Amino acid sequence: MTTANTDAMRPPFPAERGVDAYNTKLGMWVFLASEVMFFTALIGSYIILRFGAPGEWARPGVVLNVPVTAFNTFLLICSSVSMVKAYASIADGDQRMLKIWFLVTIICGAAFVGVQGFEYYHLIHRGFLPSGVREGSELAELVAKGTLSEASLGLYGSTFYTMTGFHGFHVTCGVISMIYLYFTKVLPGKYTQQNHGGVEVVGLYWHFVDLVWIILFTIVYLI
Amino acid sequence: MKWWLPAPASTFAGPIDGMFTAILIITGLAFVLVESGLIWFIFKYRARPGQKAYYTHGNVNAEYIWTAVPAVVCVGLAIVSNHYWKQIKGRDSVPAGAYPIKVHAKQFEWLFTYPGPDGKLGTDDDIADVRNKLHVPVGKPVVLQEEAEDVIHSVFIPVFRLRQDAVPGMQIRSWFIATVPGEYDMACSQLCGMGHYKMHAKVTVQSQADFDAWLAKAAQGDIE
Amino acid sequence: MTTVAGTPHVGHAHSDDRSFLRKYIFSTDHKIIGIQFLFVSLFFLFVGGLLAMQIRWQLGFPNQPMPGGKLLPETMAPDGVILPEYYIQLVTMHGTFMVFFAVMPLLVGVYANFLIPLKLGAHDMAFPRINMASFWTALLAGLVMLSSLFVPEGAARAGWTMYAPLSARPDLSGAGLGQQMWCIAIVLLGLSSILGSLNYITTVINMRAPGMTWFRMPLSIWALFITAILGLLALPVLSGAAIMLLFDQTIGTHFFDPAAGGQALLWQHLFWFFGHPEVYILILPAMGMVSDMIANGSRKPIFGYHSMVFAIIGIGFLGWIVWGHHMFVSGMNPTLGSSFMVTTMIIAVPSAIKTFNWMGTMWRGNLRFHVPMMHAVAFVAMFVIGGLSGIFMAATPVDMHIHDTYFIVAHIHYVLFGGSLFGLFGAITFWFPKMFGRMMHQGWGKVHFWLTLLFYNLTFFPMHILGMAGHMRRIYDPTMYDFLKPYQPMNQFISVSAFLLFAVQAIFALNFLVSLFRGAKAPQNPWQDNGLEWTLPNPAPHGNWERVPNVYRGPYEYSHPNATEDYLPQSQKLPGDPEPAAASRASQGREA
Amino acid sequence: MRTLGIAMMVVAGLAGLGAAGHGRSAQGGGTVTGKVKFTGAKPVMAKIDMSDEATCKAKYPTPPTAETVIVNANGTLENVFVYVKSGLPASYKAPAPSGSVTLDQDGCRYHPHVLGVMVGQTLNIKNSDGILHNIKAMGKKNRPFNVSQPNVTTTPRTFSAEEVMIPLECNVHGWMNAYLGVLPHPFFSVTGADGSFKIAGLPPGTYTIEAWHEKYGVQTATVTVTGTETKTTDFTFAAK
């Protein structure tokens, strides 16, 4: 998510301004509106499919490992907090703390992706695939015992991997762009108390991704 | 070739053709108004040397009128449409005691299942899977119980003004009362694959006696 | 003339020293990107037309070898006779190309890019590099879509609406890779549109010249702005749906597979939730540009500017709650159908307002029938037919009979061809001098206009009659059906008209190409228009203005009593016009 | 010596030709032959209603019936696909398939109803009816295809992998189906009106022979072939 940050905090000429936000920040808000619609499509489909599922939807914790993901959620929330800290630091002109908090955000974000990868690996090992249950797996035994409904597990896998996968993809994009900004802008000290639009804009994106996760965690893992 | 709707053969044709005509008159008026106005303006106000256009930014009253009139007409049409829509397609519009026929749609065939003498589907005496032949008694409510095996198909009988998609995974009921005996075409009107255009059935509307006779023969395996 | 405040970016110290590649290929200049979109989407318009001709051949002359059909491979047309599976690829790809790769980029890609900064007085888009990315993504999407026609099993074939489960099941449709490429191309196109939209929206909100207040914006910009919002919010939904469809085919998910609990109607809801705003994406910009052209041609202010703006905004809102009217007979709950019918009837009102306001603009005008004006008036005349025929479908009982017939085909073509394309032919002629510094030939433009209008109506009007008779869409051979056999002469008549319609587009193509190199040099303001863009030389230089002009009034001050000419540019200061607040803030240093 | 050499080459060439021709009249090698018998009540096949397609209907004096089970007058079963499932020596090299096999759609039926081709051999799918047929082949190992033939045409197809059986169907005429076996060797046979099969030209070895029927499933037998002898193996399917 590199932003063409040519206009910095102010447009280069006097203009009628519809909102009191510089272009990149406004652009990010607009982009996030489109992201909201994208996730709405995925989450909406999940809700529709879940209510119309042919069998009983798997209860929370039977298929998914909730504690691990709860920890992961905690990590992501921490990264949002550290992002706020990073922004506050540079707003005060504190370059040193910006470097620290920005790095903490990157590490938490990367750890989130790592844990999600581990979770996926584990789930696939247990036999939970986007297409449903793998034959001869641990979950297939649960299906045989009647604990789980095979019909609804197919939908569960479809929606689970699509939603969390695209969220993970967004986190990954965020981490990559933050790493890029870290080496090109943060470490060289290019952000100043007056000019730190990049931190604010990537922060907006990051908080959005965090918010989406809280929704996903609630509706996919907890309910 | 007829420049109008097909000859009607069901009770739906009355309200539907009536609404069609009504809308045609209303939209026809609007059409004539707009197009003749345009043509008139084109000739009357064409550029002439020394002529200057009348400088105005609009007229609020005129705008009120041409907002209100279409709004009233459209809402009126919506109310009338809704009245007939509920009679035709409403969930509870199917007449009690309608004669059930199961329609199983698959690429690229219609398979009709008729209830046997007991008048109920899903029993042993059903006459199952009659291919591409829909026979219905005249003047009696018939309810089609549509299901699709593979992709979405759509029952379309032009003379009945009847159309209803058959969707895999759903059971959809669609009813009608045929009014004119005869042989008609039934088509699939939802693209369902390369053989979509071949998904064709013959609809035979016949008297109750003829229908019963046909059904008895069909029960013996003689479908033709 | 009194002062014209802006100064163009010419002969200045940092004059244009970019390399050819940076200037014309990998350009970040909004005007060049607009022109790139123009060439690419005109090409796809031609492709879409070529596909339509094949459809018309098959419908008019079923099972007869198509002239030139022998050039097609065995898998499409052995011995020149179109195969049923190729026919459904044709209808699918014709719709896909026309909607996604011709009309939408022509309206939005070309004119949102080209006009927004020029008409608002900005140096460029807010994010020039994202803008460039948007073009290249769209081109890539188009090429993926085009090449899908040539993969072994052929292209996607479930109609441009791509109804699942037919689209989700290669075993049922016969299209594997081609279908997946359709999904990929649509996701890419969605990305491109989102990148474009966020640019347009940001630019319109934040980069207007001093004095260019919201209600001084030309209606074309209003329309493009609302269109950008619709695109921004609608296309991610389509992308999401296309991704699910792709996953259903590749990694075995079951979103749209009823056999495994998925829902067939889910696709339709997602598609039309996108699809109806998309319908307005395809018409609003044309409406906006036509408003500009009609006011210009009538030499009169637009009638009811504010109600025009509110009509656009109203359509923008209502467009989100009418999608179910595509699904009246889909098995959706009929009660839901009732509510969608009411909203659909209501959305006719803003369109009616616009039509009457256009007529009001022409009323007591001083009409100049230059080629753009002719197209603009034809737009109104044809859009009325398309709009009125929409009321038939909105009435649910009538829709039972005409849904999925040629009545719908006629309706969509009256709106998309009679509407959007006529608007576009006008717009291309109108802004051609701004793009290339030369005029298109007026005489040939008029010949093209009249022939197109004639053959267009001969092609599409009879389709209403076919639709009333019950002629289904997307059928390969209408002569299969007893009730359609009598209509075969009409099908042939339509086909011949369509061939002629296609042929006369050669006049436009030639006029376009010849004018590009040989056209008369354009004067600075050839149409005597009020827009800011005409204060610049033709073509406008990179960066547009050295100093952005101040704006003193709305865009439609034609025949103003205080002006000497019958037009009054937005940036021309009359005695007594106050300086814009934004400009005075700047001079006080509060903005800097 | 030269003459002898040429003669040997001719013989070898003939042998090759023979082997390619479905193992019939093969020189050398063993032959497995037999009958596929049927016990139990003969199932009644449903009538096919072809009234929609006048072209096809006209080709039948009496209403045609489904071809799922055809019991011959001598109590044998037609349309059983008998083939060598395993046992060919590792060194065995299948001859290149020569000639093509034709699957004809005539009277809205496939002729033959059960057939076999070799990997890489051309299957000419012919439409003799001149009305729309589509051929949907849902192979699992071979690439599935679904093509249409709106008029009298022939579509050639080849298959890349061994697969028993690929179901073929026409979706325009739901009753139309056929089964195709694809094998990497020429040792297969389909029982005909006398219920017998013959697999010739087998190199010495012990083979698993499988008989496949679309309704009654499969049966296997083991046969050892040592020289040029003819072994007889019968299969029996019972009514279900």
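So that you can tell them apart, the chains are marked A, B, C and D in the order they are listed, and the count of residues begins at 1 in each.
FYI, a residue touches a chain if its C-beta (ideal position, glycine included) is under 8 Å from a C-beta of that chain, and two chains touch if they have at least 3 such contacts.
Bear in mind that the values here come from a model prediction, so they are computed numbers and not experimental data.
With centres computed from Cα atoms alone, the innermost chain of the structure is C. Compared on C-beta pairs in contact, A-C and B-C come out with B-C as the pair having more.
Subunit C has its Cα centroid 35 Å from the Cα centroid of subunit A. Separating the centre of subunit C from that of subunit D, both taken as means of CA atoms, is a distance of 56 Å. Subunit B and subunit C have centres, each the mean of its CA atoms, that are 31 Å apart.
Among the residues of subunit D, those in touch with two or more other chains are 132, 134, 146, 148.
Under the contact definition stated at the top, the residues of subunit B that touch 2 or more other chains are 107, 193-195, 198, 200. Touching pairs of chains, sorted by label, consist of A-C, B-C, B-D, C-D. Those residues of subunit D that touch subunit B in the shared complex are 46-47, 49, 51-52, 132, 134, 146, 148, 171-174. The part of subunit C that touches subunit A in the complex is made up of residues 122-123, 126-130, 194, 197-199, 201-202, 204-214, 232-237, 239-241, 243-244, 247-248, 251-255, 260-263, 266, 269-270, 273, 547-548, 580, 582-583, 585-586, 591-592.
Interface residues of subunit B, counted against subunit D in their complex, comprise 106-109, 111, 130-133, 193-195, 198, 200, 202, 221, 223-224. Only residues 1-6, 12, 15-16, 19-20, 23-24, 26-27, 30-31, 34-35, 37-38, 41-42, 45-48, 51-59, 62-63, 66-67, 70-71, 74-75, 77-78, 80-82, 84-86, 88-91, 107, 150-152, 154, 156, 158-159, 161-170, 172, 184-185, 187-198, 200 of subunit B touch subunit C when the two sit together in their complex.
For subunit D in complex with subunit C, the residues that touch the partner chain are 132, 134, 136, 138, 144-148, 150-151, 153.
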